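Chain IDs A, B, C, D, E and F follow the sequence of writing; residue 1 opens each chain.
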Amino acid sequence: MHITTFGEIMLKLTAPKKQQLIQSSHFEATFGGAEANVAVSLARLGDQVHFVTKLPVNELGDAGIAAVAKFGVNSNDIVRGGNRIGIYFLERGNGIRPSNVIYDRSHSAFADSGELDYDWPAILANTNYFYISGITPALSSKLQSTLLTAVKICRTRHIEVVYDANFRGKLWSSADAIAFNEQLMPYVNLCFVHDEDIYDSFGIKDAFDGNRRNVIAQKQSFKESMALIADMYPSIHTVASIIRDTYSVEHGKWAALLFQNGHFYESPIYDLTVNAEVAAGDAFGAGMIHGLLHHFAPQDQLDYALAAAALKLTIPGDFNLASDSDIKAIMNSTNRSINR
Amino acid sequence: MHITTFGEIMLKLTAPKKQQLIQSSHFEATFGGAEANVAVSLARLGDQVHFVTKLPVNELGDAGIAAVAKFGVNSNDIVRGGNRIGIYFLERGNGIRPSNVIYDRSHSAFADSGELDYDWPAILANTNYFYISGITPALSSKLQSTLLTAVKICRTRHIEVVYDANFRGKLWSSADAIAFNEQLMPYVNLCFVHDEDIYDSFGIKDAFDGNRRNVIAQKQSFKESMALIADMYPSIHTVASIIRDTYSVEHGKWAALLFQNGHFYESPIYDLTVNAEVAAGDAFGAGMIHGLLHHFAPQDQLDYALAAAALKLTIPGDFNLASDSDIKAIMNSTNRSINR
Amino acid sequence: MHITTFGEIMLKLTAPKKQQLIQSSHFEATFGGAEANVAVSLARLGDQVHFVTKLPVNELGDAGIAAVAKFGVNSNDIVRGGNRIGIYFLERGNGIRPSNVIYDRSHSAFADSGELDYDWPAILANTNYFYISGITPALSSKLQSTLLTAVKICRTRHIEVVYDANFRGKLWSSADAIAFNEQLMPYVNLCFVHDEDIYDSFGIKDAFDGNRRNVIAQKQSFKESMALIADMYPSIHTVASIIRDTYSVEHGKWAALLFQNGHFYESPIYDLTVNAEVAAGDAFGAGMIHGLLHHFAPQDQLDYALAAAALKLTIPGDFNLASDSDIKAIMNSTNRSINR
Amino acid sequence: MHITTFGEIMLKLTAPKKQQLIQSSHFEATFGGAEANVAVSLARLGDQVHFVTKLPVNELGDAGIAAVAKFGVNSNDIVRGGNRIGIYFLERGNGIRPSNVIYDRSHSAFADSGELDYDWPAILANTNYFYISGITPALSSKLQSTLLTAVKICRTRHIEVVYDANFRGKLWSSADAIAFNEQLMPYVNLCFVHDEDIYDSFGIKDAFDGNRRNVIAQKQSFKESMALIADMYPSIHTVASIIRDTYSVEHGKWAALLFQNGHFYESPIYDLTVNAEVAAGDAFGAGMIHGLLHHFAPQDQLDYALAAAALKLTIPGDFNLASDSDIKAIMNSTNRSINR
Amino acid sequence: MHITTFGEIMLKLTAPKKQQLIQSSHFEATFGGAEANVAVSLARLGDQVHFVTKLPVNELGDAGIAAVAKFGVNSNDIVRGGNRIGIYFLERGNGIRPSNVIYDRSHSAFADSGELDYDWPAILANTNYFYISGITPALSSKLQSTLLTAVKICRTRHIEVVYDANFRGKLWSSADAIAFNEQLMPYVNLCFVHDEDIYDSFGIKDAFDGNRRNVIAQKQSFKESMALIADMYPSIHTVASIIRDTYSVEHGKWAALLFQNGHFYESPIYDLTVNAEVAAGDAFGAGMIHGLLHHFAPQDQLDYALAAAALKLTIPGDFNLASDSDIKAIMNSTNRSINR
Amino acid sequence: MHITTFGEIMLKLTAPKKQQLIQSSHFEATFGGAEANVAVSLARLGDQVHFVTKLPVNELGDAGIAAVAKFGVNSNDIVRGGNRIGIYFLERGNGIRPSNVIYDRSHSAFADSGELDYDWPAILANTNYFYISGITPALSSKLQSTLLTAVKICRTRHIEVVYDANFRGKLWSSADAIAFNEQLMPYVNLCFVHDEDIYDSFGIKDAFDGNRRNVIAQKQSFKESMALIADMYPSIHTVASIIRDTYSVEHGKWAALLFQNGHFYESPIYDLTVNAEVAAGDAFGAGMIHGLLHHFAPQDQLDYALAAAALKLTIPGDFNLASDSDIKAIMNSTNRSINR
C-alpha cells in the first residue's frame, strides 16, 4: 500500500528561545508544511510514501527535498522549477502570548504552479491513498483546478482521497473555502476537520461559542456536525476531528472524535503540556491513515492518531518523528518520566 | 506630549538555559534598567520619549545607547564619560529555585554621576512627563540630590513627575529609602509601588504576612495603604500597584490596583506562566503613562498596564517589545495559541 | 571526616532543546554518574571527598577528571588505563514523552576494570564514609567482587558503607540485583532505595500498583518495606527513600521517608516543576551523608536531603551545584521568585 | 550637513560556520543593503543621515528599521506598506569556493514601490547629499523613473548626487544598466565604480583580462576609463574606484583610485585578510562622502575611504561599525595585533 | 549504472571552534566514514548509489541512515542489529597543531559484523561499481573475509571493484595492511592510494623523505610506484593518487596523478586554504568514479576528481556536498570571491 | 618541587565570531590572567602548583576558582572577600584590525587587596618557585608593597623568584613601571621580558624602530639589552624574551632568546598562524619554569618554552592546555595536519 501527499513544503524560520522576531539575531531553519509533515510521519511509521510538490532549482529547493528524504520519504516525483521557495516565519508564543505566523509564500514555486506541472496519471500510478489539505486550494485558483483534476483521476482509479480541511484565515476567506470544498468533497473519502474549522470550511454552524477553554464539553454538537458532513457527501466513510480546550500556549486538553461508517468513537482526553505548537493535526492525520492501512479497529485508529498528535506536541519542528513504539507506549502510558 | 526617563542602563549578563553562573561558558548580553525599560516600552507604543543617563566613552557605552535607540528612544541627551558601565548578572531560577541577581554596578559612570553632569533646564525643556524610580537614589547621595533638583524644576514647569518606588534591598536599606522618599514625594504626581514594597519604601505597615502565595486576597489592606500615600502627599493624583500570588518562578497570579483622583479601580486577575522574570513592573508603568497620555479612562489605564505587564512576562530580556495591538489583544484574549 | 565514592563517570551527550536524537546537529557534552554526582554535591557543600574510578589515558579521560576536580573533588585516586570512556546519550522528554537514555558503556575502562586496578587499603586509608551504588555491580561480575572486597575492608576499619540501591533495568535483571544485594547488604550501614526499586533491588513486594500518579499515598506500605530491610541486615542503621507522584516529565510531587535507628521520619511534600530529570536521587544521598557528617538531627537530615534533591531538579546537568545556603533557603522558602 | 540615502534594506540570512545552505539548521539573521550600509557607516562616523526605503507593516519591517536606528540613522522618512521584506541568502565561501548569494527580493515592498510612495520634496528638504546605487534601478522600471524624479529635484536644489554604479548581474543585464545610466549620469556629481563594473555599467572597455589575480597592475587603464566618465558627464567632479587582486575568498590586495576635479590620486596598496566579504564598497563610499563633508584633501578622502573599506572586511555583517578613530588608526597602522 | 559502497558510518563528535576536547561544553554531531562519504558525493552528482553497512536498532542507528538518505543515497540494503554505533571524536587543529582523532569504534555493529550479515548476491545484484576502502579490513578479520567474499562475486559478475587503500595507523599495522592487500588486490580494478600510504599499504618504498612540505616535487617517484602497483596486479586499469605539500593545518598544495591503461596524467597544482580537514580523498574517489561512469577522458577524470577534493576542503563535515556545476566552476575558476 | 603563582584572575568576556562588542548578543565567558594562566600550564604539565589571589564571596568568585581547579591547580590558598571580580572584555581582531581589550578591573577584590590579606609565611611555606608578573604592581601601590614583602621572604627562604615584566600601558605608565621594577628586580632570579617591553619596563633603549614587521632581524640589539638586565641585577641568572615579527592578527613569526648564566641561546623561528591572540607569553613562562624544574639543558628550556607558546596560539581561551607530549611533538614536527 502506497500513499502520495501533495502540497507545499516551506522553509520555516523560527525565532529562537521564544524571542519576538525583532529580537532575534538568528532563526532556526527547518522545513514544514501539512502534506510534507504527513508524509514524514508515515515514513517514520514504516509506510511507503511519496511527497509531491514543486521547488525551485536552487540550494533551498535541494534543502527542501533533503528535509523529507532524510526520513525515508520518496521525493522522486517532486517537480523542480519556479522562482522561490515559500517561507514562513514563526514567533513562538508562551503563556498568554499566542504564537504568530508571518507567511511569505506568495509567488513561490508551488503557489505559482498549476496543472501543466504535474503528470497526475504517472504520479498516481501506484498509489492507494492520496492526501491533500485545505491549504493548497487557498494558495491559488490554478491549484484549485489542479486538485480537482487529481481527485477525479483518483475516483476513476479507486484511490482513497484524504482531505484535511485545515482552514487558514491568513490565506483565504471562509466563503472561498466553503465554495471550493463544495466542489472537492464529492471526491473525498476521509475528511479531517478540527475544532471550529467546521464552520469556516463547511459553513456548518458549530457549537463553538468563542471560549477556547471550553470546547470539549461541546462534543455532542461537534458530533452532529461530523455526521452532517458525512450525510452531505456519500463518498465519505470517515470524518475525524480533534477538539481542544486551550488554557495557554503550553497547556490544553485534547480529545478526538471519529465518525466511521455510521458509528461514533471517542478518544480519551489528554491533559497536555505543549512544547511545539504546530503540526499536531498533521500527526493525527498520519496516524489515522496508518491505522486504516494496517486495518486497525476504528477505536484503535482514533486512539493511535490522537496519541501521535499528543506526542507531536512534545517534539520540536514540524515533523512528527515519533516511532510506532513511541506512540503505542503513550497509549499505554503510566506516567513514566525516564526510560533507563 | 513627550516623556523623559532618567536612570541607569546596565549591561545584563544572563546565564543561558537556566544554568547556574558557575556552569556557563557564555552569557547572554542584553541591556536593561527600569528607566530604560520604560522608555523602550513607550517608544514601541509610539510615544516620543527621551532616555537620559551617563555612559562611558567606550564601545560598551555605545552599545548601551544602541540598545535603546534601536527601538526608537531618543538618546540625544545621554551624557558620556565616567569609568565603566554598570553590570548585573542574572541567574534565571526555575521551579522552587529563585532567580538571583549579582549587581556589579558600583563605580559605574551613572553611579558616580551628579548634578554637574545633567543640564536639567535643557533636558526638561520639552518634556511633559518625567519618569524616575527608587533605584537611582539607592545608588548614591549625589544622585539623590540630582533627583531633587530635577523634580523641583519639574514642579515649576508643570511637568508631571512619575515615580516608581521600586525598592532594591541589595542597594540600600529600607530606612534610607523611607528617608529619601519623604523628601521626594512632595514633588511626585504619579506613584507606582508594588506588593510589599509599600512597607520598605514608605514605612507603611502592609498586610503582607510573608506568604507570597496569598497576597491578592489581602487587596483591601493594600488599598488602604495606597490611599494613605495619596493622603500624605497632596501632589499625588495617582497611585498604582501590582499585587502577586507567587507559586513558583514560572507560575503566579497577577492583579493590579489603581487609586486615581480619589477613586479605586481593580484589574481582573491573571493566572500566568512566567517566562521572563524581570521588568514587568516597568512595562506596567509604561502602560499607565501611555494610558494617561492618550486619555484612557482610569479602568482602561489599569487594565492596559496590567496586560502590558502580563505580556512582558512572556518576552525574553528586559524590554517590553509588545505593540499596542498585542496588548489590546491580551485584554480581549480568548486563549488563542496561534495566529495563522 | 572524609568520604570516598566509587563508580563510573560517563560522558553524557544530550540532545539540546528537547530534540529527539535524530534531530540534533550537536549534543551538549557534560559528565555524570551517580557516584561522581554524590562526590561533587559533597564537595560543593564543603566536605572532603575523593572520587575513585578508572578512566582511559586520552583527552576524554582527562576531561572526566576535570569535570569533578572543577568543583573541588579530590581526583588523586583515579586510576588511568583501559580502552574508552563510558558514554550515555540522553533525549530529554517533555510532557507525556519520557526522557530516554541510550547507554553506550560496555567495554569502558571502568566496566572492564577489576580488583587488580584498585589498591583498596590505600584508597580507604583516610576515609570515614564509602559510598557506592547499585549501578556498579550491574556492570560486571568483576566489579561485583571488587565491591565485596572493598566493603569487607571497610567493615574491618569501621568505615561507614553507604549504598544507593539504584536499580537500572537496562543494565541487569532484578533477579541478578537481588542476588548481589544479598551478598553486599550485610556490610552496608546506610541504604537509599527509592520508589518501586524496593521490589527490583530486594525482592520485597511493595505497594506500588503501577500508577505513578499515586505513589505518595502508599507511604505506609513503603515504610513497612524500609523496616523490613533494616530487620534483615543488622548492620544497617539508616534506610532512606524518596517517593514520587509523577504527572508528567515536568511535574510531580516529591516526598521522602527515613528509618533511622528504629524511628520513622517523614519529609514535607513538594509540588515540583522539574527542569533536569536526572540525579536528584544522588543529590538526596549527598544531602543525607552531609547531614550525618555534621550531626544533623534525623528529621533535619531528611528535610535537608529532600530540599537538596528538589533543588537539583532545577539545575541543568548531573551535578547538584546548590550551596548549603541555597538548600537551607529552600527549606525555609516563602516562594520567592527573584533575589535582588 | 545632512545626507539622505535611498534604497532597499533586506533581511540577510547567512549560513553559519561557512556551511552550505543545505547543511544549516539555523541562519544568522541580519539586515543589509548598499544604501542602508552607507547610512549606518556615516552615522557611526557622527554624520547626520536619513535612510529612505519602503518596508512592510509587520514585525520584519519593524526589525529592518530597528537595524539602522540602532546605530543612529534617522528612520523617520521610511515608508510603510507593501507585501514583504526583501530577503537574500548568503552562503559564505572560503578558499577556492566563492560566496554565493540567492536573492529572494522580487515582490518586496521596496521592489514594488514607485513614485507615489516617496514625497521627494519633503524627503530632500534638508539634505545636502543624496546617495543612490545601481542596485535600485535594477529592481524595476518604476524605481528607475522614481530615481530620475529625485535626482532632477536634487539638481534644482543644488543637492549633491552620489551614485555608486554597483552592477549586479543577477538583477539586470549590462545593456539595461548602460541604458539607464545614460539617463541618470547627467545628474550625478560623484560616481563610484569598481573594478570591471566600468564595462558592465558604462560600456567603457576596460583593461580587465578576466584574470582576477592581476587587476591592480592595470591601473593606468582604469584611470583612463575614469577620466572618460568624467569627460562624458560634465556634472561629475569626482570618480572613485576600488581595484582588487583576488587570490582567494580570504586573501586579496586592494587599492583605490580617485579622479577629482581633473587630478588623479592613488591610494597605497593593502594586502588583506578578508573575513566578511560584502559591503566594503559601501564602506568606501561612506568614507569618501565623510571626507568630502569634512573637507578632507583629495588624497586624504581616498586614503580614509580605502582604510574604511579595508576595515569593513574584518567586521561581520553588512554594516561598517568602525569608528573614525579605528579608521585613522588603520591609516597609521604599525601592525598592532592587540591593544591592551 | 549503479554504484554500491560498503563500509562503516560513524557518529562524528567534533569539538567546536577549534577547541580542545577538554574545553568543549558541546560537540557538533555529524556522521561520516569513507564509504558513506563516497556514496553521498555520488548521489549529489546525480548518480544512483547504494550504501551498505550495519547499524544498531536505536535512534542513533536511525540517525546514521537519515544522514545519507538526506542526500539521496539508497539505504535499503543497510543491515540493522548489533550493539552500538561507532563513534569518532575530532579535535580540529589549526596552524601548527594537527587535528586529532580519537576512535571509539571497537565493538560497533559494523566492526562486529561478518559474512552472515550481508547477502552479497542480492546486494550486488544490480551494481556496476563496488567501492570499498582499506579502513574496513583494518577493523576485524571477519570483515577481511567478508570483503574477499564480496570481491570474488564481483569478479564473476564483471562488477568493477574500486579500492581506496586509505591506511589508518591507529587501526592496524602496515604489515597487516600489506598482507591483506596482497589477497585483495587481484580482484581490484581501480586503486586509489595517496601520498606516503603507498609504503604503508603496499610496502612499496616511496620517495617520501618525511618532509611534508616537499612531496609534490617527488612526483616522478610516486609515478613509478603507481606503475609498479599496476604491474603487480593485472586486473588493475587505474591507479590514482593525491600528493600534497603540507605547510600548516590550513595551508597546502595539492596535486594528483593518474595512471590509466598504461598512460600517466598529471593534474594542475592547487594552492589551497583548508577549512575542513577530512574526507577530501573520498571526494576525489567519488569524482574519479563519476568521471568513469560518464566516460570522461582520463585527464578530465583526474582534473574533475581533484577539483572535487579541493572543493571538499572548503565544506564543513565529512560529506562533499558540492554539485557538478560547483566542481566544474572550480575547474574553470577565475578567482571569484562572490557570485551575486 | 612546588610553584606558587600570585596575581589576578579575571572573568573574560569575549565577543564571539570576531564581532565587535556592539554587535554581540552574547559573550563567551572564560577566565584568565597571566599568573593563573601560568599555574594552569604547569598543572597540565604535571607540576605541583598553587595559585593565590583574592576573589569575592559570590558565585563568580566560585567560578574563578573552579576555572583553575578544573585543571589540577591547587586553590587552597585563595583568599575570599572584597566586592567584585575583575572583568576584561575582549574584541578579537582579524586581519588589519587589532584585538581590543576593555579592562573593567578597578575595585576588584584583588585590586583592592593588600598585605593584610596574604599570609606570606604560610603561603610560601612549601614553595620552590614564586611566579609574579608586572601586571600586579600596575594595579595599586598596596599590591606593590605586598609584592615586595613576598619577594623578600622568598630571598630569605631561597625560593626562586620568577618575574614576567609584562608591561600593560592601559594600567600604568612606563615611568611607574621602571620605578617599581628598580625596587623589585634585586630580588628576582628569572626575568621574562618580551619585544619592546624592555624599554617600557626597564628604560633600556631597545632597537625597536616601531616597525613590527621587522623585529627578529634586530635580535642582536635585544641580546644586548638582556645582558644589560642581568648585569644590573646580580640575583638574576636567567633572562628570556620572545621577539616577534607581526604581519597581521593571524600571522607572524616568533622566536625566543635566552641569556642564562652568562650564555646566550636562540630558538628556531616559527612562521605561525595565530588563532588565539593572548597568553602565549604566559605559556612561554610556564615552559621555561617547567624546563628548569626538570633540569632541561638551557637550549631545551628555550625550545620547549617557545613550542609551548606557539601551541598556545592555536588554543582558544587564556589557558594553555597543551600536554607535554603535544609540546614535544611540535618541537619535532613534520607538518602533520591530522593524527588518525
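Methods note: a contact is a pair of C-beta atoms (placed from the backbone, for glycine too) under 8 Å apart; a residue touches a chain by one contact, two chains touch by 3 or more.
All values reported here derive from a predicted model rather than from experimental measurement.
Shared contact partners of chain A and chain D comprise B, E. Relative to the C-alpha centre of chain E, the farthest chain centre belongs to B.
The chain with its Cα centre farthest from the Cα centre of chain C is D. Chain A and chain B have centres, each the mean of its CA atoms, that are 44 Å apart.
With centres defined as mean CA coordinates, chain F is found 42 Å away from chain C.
Counting only residues that touch two or more partner chains, chain D has 20, 22, 25, 66, 100, 274.
Across the whole structure, chains are in contact as follows: A-B, A-C, A-D, A-E, B-C, B-D, B-F, C-E, C-F, D-E, D-F, E-F. Of all residues in chain F, those touching chain C in their complex are 66-67, 69-72. Only residues 13, 16, 20-22, 24-30, 58-60, 62-63, 66, 83-84, 87, 89, 91, 100, 102, 104, 106-107 of chain B touch chain F when the two sit together in their complex.
Chain B meets chain A in the complex at residues 270, 272-275, 310-311, 313-317, 321-322, 326, 329-330, 333-340. Contact residues of chain F toward chain D in the complex are 17-20, 22-23, 93-101, 103, 168-170, 210-213, 246-252, 274, 277-278.
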